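In order of appearance the chains are A, B, C and D, and numbering begins at 1 in each one.
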Amino acid sequence: MIVILKGDVTEAQIQHVLDRVAELGLRPHLSRGTYRTIVGLIGDEDKISQGALRSIPGVQDVLRVLPPYKLASLEAHPQPSVVQVGRVRIGGGQMALIAGPCAVEGPERMRSIARAVREAGANILRGGAFKPRTSPYAFQGLGEDGLKILREAGDEAGLPVVTEVLDPRHVELVARYADMLQLGARNMQNFVLLTEVGKTHKPVLLKRGMAATVNDLLMSAEYILSQGNSQVVLCERGVKGFDSITRNLFDVAAVAAVKTLSHLPIIVDPSHATGRPDLIPPCALAGLAAGADGVHVEVHDCPEQAASDGQQALLPAQFAELSEQLRRLGELFGRKFSSPTGD
Amino acid sequence: MIVILKGDVTEAQIQHVLDRVAELGLRPHLSRGTYRTIVGLIGDEDKISQGALRSIPGVQDVLRVLPPYKLASLEAHPQPSVVQVGRVRIGGGQMALIAGPCAVEGPERMRSIARAVREAGANILRGGAFKPRTSPYAFQGLGEDGLKILREAGDEAGLPVVTEVLDPRHVELVARYADMLQLGARNMQNFVLLTEVGKTHKPVLLKRGMAATVNDLLMSAEYILSQGNSQVVLCERGVKGFDSITRNLFDVAAVAAVKTLSHLPIIVDPSHATGRPDLIPPCALAGLAAGADGVHVEVHDCPEQAASDGQQALLPAQFAELSEQLRRLGELFGRKFSSPTGD
Amino acid sequence: MIVILKGDVTEAQIQHVLDRVAELGLRPHLSRGTYRTIVGLIGDEDKISQGALRSIPGVQDVLRVLPPYKLASLEAHPQPSVVQVGRVRIGGGQMALIAGPCAVEGPERMRSIARAVREAGANILRGGAFKPRTSPYAFQGLGEDGLKILREAGDEAGLPVVTEVLDPRHVELVARYADMLQLGARNMQNFVLLTEVGKTHKPVLLKRGMAATVNDLLMSAEYILSQGNSQVVLCERGVKGFDSITRNLFDVAAVAAVKTLSHLPIIVDPSHATGRPDLIPPCALAGLAAGADGVHVEVHDCPEQAASDGQQALLPAQFAELSEQLRRLGELFGRKFSSPTGD
Amino acid sequence: MIVILKGDVTEAQIQHVLDRVAELGLRPHLSRGTYRTIVGLIGDEDKISQGALRSIPGVQDVLRVLPPYKLASLEAHPQPSVVQVGRVRIGGGQMALIAGPCAVEGPERMRSIARAVREAGANILRGGAFKPRTSPYAFQGLGEDGLKILREAGDEAGLPVVTEVLDPRHVELVARYADMLQLGARNMQNFVLLTEVGKTHKPVLLKRGMAATVNDLLMSAEYILSQGNSQVVLCERGVKGFDSITRNLFDVAAVAAVKTLSHLPIIVDPSHATGRPDLIPPCALAGLAAGADGVHVEVHDCPEQAASDGQQALLPAQFAELSEQLRRLGELFGRKFSSPTGD
């Protein structure tokens, strides 16, 4: 860390800073400039709270120079990680195409959508059984029944399945049915849930929170990794923005930025990022062009009857067209959608 | 709800919309303008998903006209609610002054801070036993030991205590020790936790999420209220902003906006909102001037030794000075800090 | 427009609203719902100020249903516009590749960069002669000398040139030298400059402001169009975001959103959007994949000696590689970079 | 400045950095840590472009330690500045209360509003003659006629007047009629206009831009100051936010933050910040409580007939009530509204 002292810092204050740093087991390195004096800290940064250092009189600012995440960093693991979901491989040139309805609504609809997305090229099936809804009066999902329906539809279509887990008490239950656990944007900093999911050996789809920086996202991944679960796939799904023309602000540069910092695969979710079916295809393509390791799209065979978020779903035929465009785009960049059968 | 149709909507599409609405048990009211046709929906809006309506071909937009929260709304309860924590009353002209360290660090420090804030005029003691930390390697709090220390310090100082709960499995445990349960900003849309806390009869301090609108905040309050717990105090603590000069962006207008929509008390937390001790006093005063029902401030007797967030704490002497200013400001507006002894 | 009345509106207030609307020469259409009464306004919306309507007692909200821009809208001009700069055509499947240094620094450097970008596939040369700098002490550009240098370098390389104009008094001067006038992000709502530029017959490159919605951007284009100049190319260059990992937040979905609303071409500027050379190629590709009609990239042969913004420039060799990737990506989508010689 | 080198920087790269720094006339001070090497630059920072340094291979980041504004900084002028408008003094315990309509609409209305706000305690009269409107079709103001009307109304009421200038070619004209020149939020980084206004000796009211940081605001003030005009009053009027419940996000902490950095007075404008008359009084009071040197409020005697922005104006009676509350609040803090007669 680097401690920048105030312009009017006194010699006594400088000495106090040096003493504190030494107390903490670090070696300070003082450097006096024309206008500012700075102290470099040599040793293990993790021993120190930045906030406590900032509280010392005479200190203007404290800067980290190392990323606070270790396991997630590219320095720890310079090669791209590959996460396996069923037989689908995500990362290192292989891509995920996750598709399905926002919520599992019933066995027939689920089966028909599963078949449709499989035919169109999806390699992982999604569907929510536990739904995080902003209103307590809205449809909250079918719970375990939904998990069963999803599992059966996936098995029938030959696709591994991913579904969201909301409650740390349900992690084991959801893990019994699903091949991949999804952590939603609103739970990205639910550290209890991150820890619980980290204790399983299931692959995790970790969605970026609406107010989370890329650094925050990687810190949340670190929570999972630090529990011994290295199977984390990140997902950019839009952050909070000021323009209501889209539901969220799709931060496509974050995909590329993650690639410069971490070995973890990252996919994009243009359904939640835009909330508009007409913007899903262009944003899915943009995500892939920026380097994403896959795409997550909501597909529904009758959005106007969907129990939740119908307006951000594609129809199966629209999805099939997009899937074909994504396939060709991936080819251009030497990446391909992993086969659900592992071929 | 109001459904606005596209400019090039066909008669067949209009009919389809009318049919759908009728299927849902509502009465449509068609109105053809020069440029746009709109459909007003008469009946119970809650039966309908806005998203599903938006997915119908020919529909341009769907607008709610009623707030989606009912119990939290001023229409449901036109008088300000008063929430009681121990003997402290919050709302309707009585104010909270919540103070204490970010984290409970040990019995002696906790006791001495408790005495100091009580003497300075605080009426509720705070301190974190379970800490939500962005890094898995950071101090996570003392857990149940911390709860005991906080309880004892509060009892000794004659102050009710508030502390954060992170895990739905800990709600009962925390409720055994605390007079008020805090839900942190990162958990504002942790619907599982909101529901669990709603099942207790403990007062809840609900902090606004960093990307949450005022409407989102009231919807989260609605989760708690809908479980039968009406003791909710809201807290504005800054939203995500683009200027790193403050840690968050203190949205003081939200305090006044909440007062036009809801009967629930709302306080401000300038410590988290600004992350800078020099900005805490002006922002605390601003919050009160805007109509807040109290203030939440972190106080530490040695911020440079604090285990977390030392840089956003006031020293006891600074807090005492602020407390006196707040008291006089409250007087000007005919509001006063409730006595911890209920006098 | 639609006027939504408050839940507790009185009959006298309703009558007052109806009278006001009639006074303004519009026909009101009243619709009473279970919970809310709404008034549709039939006639020319432009006669009315939304703000004034909102001020009428009993009015809760006022909603526009028509876009406030007319000439820029797709309804006015359903086919994509094609803007011609020199012999380069932008829009309708033809793309721009604008490249050059942030600022014109001298004749030799400008000539060598011009040659390099032309060889690498650029079809328009850029370079700033008047620079908008946040500091009054920073290099402000070479002024008219810079314009001459740019013009000569463009002529020598066989490329039309674009450069920024900052001052309404300089519009004529800049138009004498440049083939296209650039309006920077900070001037997107400089209505005086928009009007002045609208009076010329020069193509305009209009950059989106950092706090501008897509609607704001189209309204600014409307200013230019309403003066009789229809040669407007929009440019997405990032909006203000909360994550300092990139300089701005590249809103790639805005490109696709503009295509649903307007016939005007839109290009992307990943240099300003990200401020990081390593993120320029992925974001340029993402922009094209989302449907952009071209790319604007800063190129410098020695960024570490650049007089301004060196850190967001590509080296000529990096640009050549990107140009080739963009060419192949365009091909996939059936779009191509227009030839600077018009072939 | 401090240059932080990358973790994998080579010795040759370090030497290259040291050479570059020396070439620029600065003295480098190398400091090798366990994980990172940093270079402190000793000498005149203004000689160097941060961007150019960031472009040097091996450089990870470049940090400024001194504020880039000099004349506006507290270090340059440790006492609060007092700006005089007519006989009204702003700063150092004396406050401005600026009131009037958004736009000058006609002589009678202007006179009657001027009288009303003067009686209610305003000490400066405002009114727009040149209006920056997002739509080219909206009312653009009365121009010079508006200036005359404003001047006469101010003279009759005994109030100095402030009005916005949009065009550098109009600065002289506007300065003939007005006692203070307003630079609007959309022009905060219109450096041409800042420079032109800096050449006059008129007091300037500089509004913060919607995407401007506090640092940006102070840099724009520096433009004016660097031209020799030291009469600058800053104005916080809300930044872009994600919650549409208010028109902008009133950043009250910025008022307090400016006080820690600059000697310039700063006032608040709750009309533009919130866009809602019911939130103007609480936000005006909050601004004063946070340390503002005054308040700017739109007042109209019939907002529903206003030619622009009627919905964010107070009625004269509402303004009178607010004025009285502000007076009493100011008293509590030992500040008072300056008399327009200089008494």
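What we mean here is this: a residue touches a chain if its C-beta (ideal position, glycine included) is under 8 Å from a C-beta of that chain, and two chains touch if they have at least 3 such contacts.
The shown structure was predicted, so the numbers you read here are calculated from the model rather than taken from an experiment.
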Chain pair with more C-beta contacts, B-D versus B-C: B-D
Chain located farthest away, centre of subunit D as origin (C-alpha): A
Computed distance of Cα centres, subunit D from subunit B, in Å: 31
Inter-chain centre distance, subunit A versus subunit B - centres from mean C-alpha coordinates, in Å: 26
Whole-Å separation of chain centres (CA-atom averages), subunit B against subunit C: 39
Contacts with 2+ other chains: residues of subunit A: 211, 239-242, 244
Touching residues on subunit A, where the partner in the complex is subunit D: 2, 4, 7, 29, 31, 33-36, 38, 40-43, 45, 60, 63, 65-66, 75, 240-242, 244
Contacting residues of subunit A [partner subunit C, same complex]: 211, 213-215, 239-246, 249-257, 259-260, 270, 273-274, 276, 278-279, 282-283, 285-291, 328-329, 332
Subunit A - residues contacting subunit B, complex: 20, 46, 49-56, 68-69, 132-139, 166-169, 186-187, 189-192, 195, 209-211, 216, 219-220, 222-223, 226-227, 239-240, 277, 303-313
